[in-house]
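A, B, C and D are the chain letters, set down in written order, and residue numbers restart from 1 in every chain.
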Amino acid sequence: MSSPEPSRRLTIGEALREAIAEEMRRDESVFLIGEDIGIEGGFGGAFGVYLGLPEEFGHDRIVNTPISEKVIAGAAVGAAALGMRPIADMQYADFLFECMDELVNQAAKLRYMSGGKISVPLVMRAPVGATNRGAQHGQSPESYFVHVPGLKVVCVSDAYHAKGLLKSAVRDDNPVLFFEHKLLYGSKGREQAGGLDLTAEVPSEEYLVPIGKAVVKRSGSDVTVVATHLALYRALAAAEELGTEHGIECEVIDPLTLLPLDVETVWSSLRRTGRLAIVHEDTLTGGWGAELAARAAEECLFDLEAPIKRIASLDVPMPSAPSLEDAVVPSVERIKTVIRQLRD
Amino acid sequence: MAALAAQPDPETLAGLYRQMLLIRRFEETVYYLFLEGEIPGTLHQYQGQEAVAVGICDVLEPTDWITSTHRPHGHALAKGVTPRAAMAELFGKSTGCCAGKGGSMHLGDPSVGMLPAIAIVGGGNTVVTGLGLAFALRRSEQVAVCFFGEGASNEGAFHEGMNFAAVRRLPIVFVCENNLYGASTRFDAVSALVDVAGRAAAYGIPGRVVDGMDVLAVREAGASAVARARAGEGPTLLECKTYRFVGHSRSDARGYRAAEEEAAWRERDPIPRLRAILGVETAEGLEAEVEATIADAVEFARASPDADPQEALTDVLA
Amino acid sequence: MSSPEPSRRLTIGEALREAIAEEMRRDESVFLIGEDIGIEGGFGGAFGVYLGLPEEFGHDRIVNTPISEKVIAGAAVGAAALGMRPIADMQYADFLFECMDELVNQAAKLRYMSGGKISVPLVMRAPVGATNRGAQHGQSPESYFVHVPGLKVVCVSDAYHAKGLLKSAVRDDNPVLFFEHKLLYGSKGREQAGGLDLTAEVPSEEYLVPIGKAVVKRSGSDVTVVATHLALYRALAAAEELGTEHGIECEVIDPLTLLPLDVETVWSSLRRTGRLAIVHEDTLTGGWGAELAARAAEECLFDLEAPIKRIASLDVPMPSAPSLEDAVVPSVERIKTVIRQLRD
Amino acid sequence: MAALAAQPDPETLAGLYRQMLLIRRFEETVYYLFLEGEIPGTLHQYQGQEAVAVGICDVLEPTDWITSTHRPHGHALAKGVTPRAAMAELFGKSTGCCAGKGGSMHLGDPSVGMLPAIAIVGGGNTVVTGLGLAFALRRSEQVAVCFFGEGASNEGAFHEGMNFAAVRRLPIVFVCENNLYGASTRFDAVSALVDVAGRAAAYGIPGRVVDGMDVLAVREAGASAVARARAGEGPTLLECKTYRFVGHSRSDARGYRAAEEEAAWRERDPIPRLRAILGVETAEGLEAEVEATIADAVEFARASPDADPQEALTDVLA
């Protein structure tokens, strides 16, 4: 391998595009399937991730489908069962409910039903998050899939991990649900995400990020905070303010994979802090935070010095009005308030 | 209601013109307000398709119901949602028809016979069978209309809804607005059949292709389909060939379709077409009326309070 | 009202049939919709619950559908939005994934989307449980619905509560997912359920059981055990054996409603026992037990004297072979072993 | 493979007879073993429909694939799953084709080109498009066959799968086994169209009604549909009119259908029909052969160990 080139700063959208292109070059069996992908003069998928790919890979391997989610998922399952590696696209994660049977009853179970004779190496990408579009275009439904044995569930929040994890997902022999947050793609500039810098350092050399490994985004000794997607950045902002304003030092962890969940990284932090807060944009009741809290209450009960707190979207359908949506999703203020309670 | 003569009376013509114009101006105005940053979220707009919503809703009773889609502004106004309530909803105001909880993609109002629009493509196609079933079980004479796009006809929901409505002869009219594209995808790239109406035969019900750029043609086809449904003879599939003059959603640069194609369809704009029949004088009167209505709606929306954050927790459960 | 008649012993199947018949008599707007219901010479639904109803109510109000789950749920949503009160039937809960969009995106959200102008008073009945039929006919997927704001979720385990809760569900103005366990209907005799007596006392007079209220099935001072469906009976059996063999007295609670969950009844027990075990046949990770454990870890942390234990089906698709299925679902032995750990 | 002459050579005829008889005896045997308590769970059996699975699979290559349903025993044996592996799977033994994890409703074996049967009605109709897509992307000459019932043709999955396969001209043959009933429900009570084949037109592909009680007719229709798919000309919908001689599932008393109807269809039993062509001598030889095969399969299943509880945790993830 030649001398390492300098890394670049990429958005998540650009990083995902690179990951897809590299995997398609590497492996003939990788192909794309979804709605409004690979259309001349089109959007390159709902968030532009596929722009430029048809020019390199042609239209055979970029399968533009009818508006038929059951076919998108079902075709991915069938092709994967024969050893192809589909990267399927759901325009909004809200539409996954249209192919829930194909994902839960087929993709996740076929291997087991076959006695291990087949595997289903598919990736289903789906954008989550509230963007003033209301109840059917603003959900973060990743938690439903955490309940499905036979699936893996990944949530990415920065370009570096997005690229490395998508490449790992494509190479994984199991069905992987790959969730991305609409406001973090970087395609529409930073203001949308509240002024966040949506780019990250991405090496020029090929690399993989393993599925099932969490990362510590900020170290601290007082409270362990586990958060994903946009909520991760809100948690980091809250952590900074809590540090300066109240001397509360939060250790902030991005699990990156929700199934299987890397509890070891969380426990090693929790054993030091004795306090756990979980933050996600998916709704509270039955959300993935419940599973993490339940495991902590079994595996680390005697390390806990304070109740486990979950900060999530309120248990309501997502409203469209900004004034309502802002009240529903976890805000920096709400995160701060709850974490301060942990220290009282 | 029996089938109509091709040329309705002047009041009817005026009403059709007013309604189409109302929708056109509403859409042009909200597009501007969106760019100005006064309207959040996104917009799926109806310019070019006005003849469909207006022609169909004109032959419906206030007690009849409709289901709509992610592109509901035209359907809502045509069925009787007030411009004020619709505009305020787009603004996210508490005075909106859904109290600011629905937004652009979920406009609706039960008091005028419109469910909150369903923004899941094909979603209305199964739900509408429940409306028809309720009417049938109550032996009422009401009719339900399901508006949907040609793209939705590739969803499983289209199939299940059509089959169930057909076998139970439910009082439903399925109105497919074939505007050639589902987002950026041409229908002929995702269906081997170019006419959605051709799928009606799979359910043993009548399917009819209608010029969706001619409000009178839509109205007449709608009237007979509605009459058929009311008479208990079961559902009809009407395919209205139409075109959206604007992008799929607010951010669409329309690079996937030819300027010539757009120009050709603009030639067939249903509004000038009716204006020619109506005469300049009458038209100008109605245009002034519509401008005033829209201006009032914008004022109302601006003056209305934002949805109260406290309200975020209400209306989840009854 | 005349002098009370003696109560009878009914199976859950009989009790559900009575509830449906009474509500259909009481309210014209109640109707049934599903596959293979109301067929002359047919099964009366997958588990015979509807037998005899067509004779009394005729076929208009018993809507036999094509094999179209999206229509069953979608039609129920539409009719309910107009004030009808559909009782929809899913032959096996596994098929709910075929109408997940109608349940999660439509039924649960329409009221909120409308700003409270409509309500969706539907009931969706669905049988759960493993019966040697494999991965696509043996799930207990109730936990997916616990994550849906706008729904209510009920799990019944005896005839008395089944009848009273179904009547309440029909009268409830919200969408209610009503889960029943295949082995508890009593239609096929007791041996199927391991010798359980599948009948219970049911008053002859009309009564309702409120949604959202748990019941204590056995009192005890050492460990609080929360369990549903067949797992409830296994927990009760384990409790008896633990009492006699080890002097461990379990308080066994049937939540009956999972959403909203009656935590007060659980907490008042937990505050006395200091120990909590949760048992369900739904799979472990992301199951409803996680939500209950998470709430305990927030609301009762300092009452806990031992880690919270969840005993559930293993995180695998349901296998068909009896030798495998028995190893996957919670057994009396597994429950006993875990509860004993709570006392060590 | 080109279309065949109506009357195949003697070996082919013998093969068809052996396969149909193998399925018939397998089903009769497992029904008995079920009643004896040796087989757990439930059974959806295939008696009466043998001509469909056998006629179709006879014109497939070992490298071709099929998808199946909750009623898969016939499809599995016809495609080449061994009677031993199928029988052991029904017994829940570790030597079953799915190691005891699948069971009666999920028989399958990739090594003979059969996915584990999908017991969700319509489930195979979308998954099969992925098989066809894989073949197309690899430019292989393989073909995929999707077996499904007439009841499944009312599922959204049927619609989405047919449309997608048609528009991409995938190498797929959709084989609908119209046995008149979906569980207890007659098709004419849940579809306004009596011929499922009539729905092919909605997707612009050929649809053909076939006598599903005549293995030679099925084989011929299958051969041309398979040839068409192999040639890259796209999918075909074959509707085989057939009948299940037994109940829907093990516990079905069949009260919803008339004894006369059952008798009339038994008259058309495909096995005696072919036996007449084949001649007694050949037939008896094959019958003895089949009896021995079934006896061996039962013995094998009985002698095999139960699936090991330790194995419950394996094969979830690759």
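Structural remarks
Here is the rule we go by: a residue touches a chain if its C-beta (ideal position, glycine included) is under 8 Å from a C-beta of that chain, and two chains touch if they have at least 3 such contacts.
Keep in mind it's a predicted model, so treat the numbers as computed, not measured.
The chains that touch both chain B and chain C are A, D.
Centre-to-centre spacing of chain C and chain D amounts to 36 Å, using the average Cα coordinate of each chain. Averaging Cα coordinates per chain places chain A and chain C 32 Å apart. Per-chain CA centroids place chain A at a distance of 41 Å from chain D. With centres defined as mean CA coordinates, chain D is found 45 Å away from chain B.
Counting partner chains per residue, chain D shows two or more touched chains at residues 96, 100-102, 106, 118, 120, 123, 154-157, 160, 163, 167, 189-191, 316. Contacts with at least two other chains are made by residues 65-66, 68, 70, 94-95, 98, 101, 105, 112-113, 134-136, 149-150, 315-317, 319 of chain A.
Under the stated contact rule, the graph of chain-to-chain touches is complete, every pair of chains being in contact. In the complex of the two chains, the chain C residues touching chain A come out as 94-95, 97-98, 100-101, 104-105, 108-109, 112-113, 134-136, 143-144, 146-150, 259, 283, 285-291, 293-294, 296-299, 301, 304, 306-310, 315-317, 319. Across the complex, chain D is touched by residues 154-160, 163, 166-167, 189-193, 198-199, 201-205 of chain B. Taken in their complex, chain B has these residues touching chain A: 40-42, 92-93, 96, 100-106, 118-123, 151-152, 154-156, 182-185, 189-191, 252, 254-257, 306-309, 311-313, 316. Interface residues of chain C, counted against chain B in their complex, comprise 31, 33, 60-61, 63, 65-66, 68, 70-71, 73-84, 86, 101-102, 105-106, 110-119, 121, 149-150, 152, 173-174.
Chain contact summary for the complex, chain C toward chain D: residues 35-36, 39-43, 64-70, 94-95, 98, 131-137, 314-317, 319-324, 326-328.
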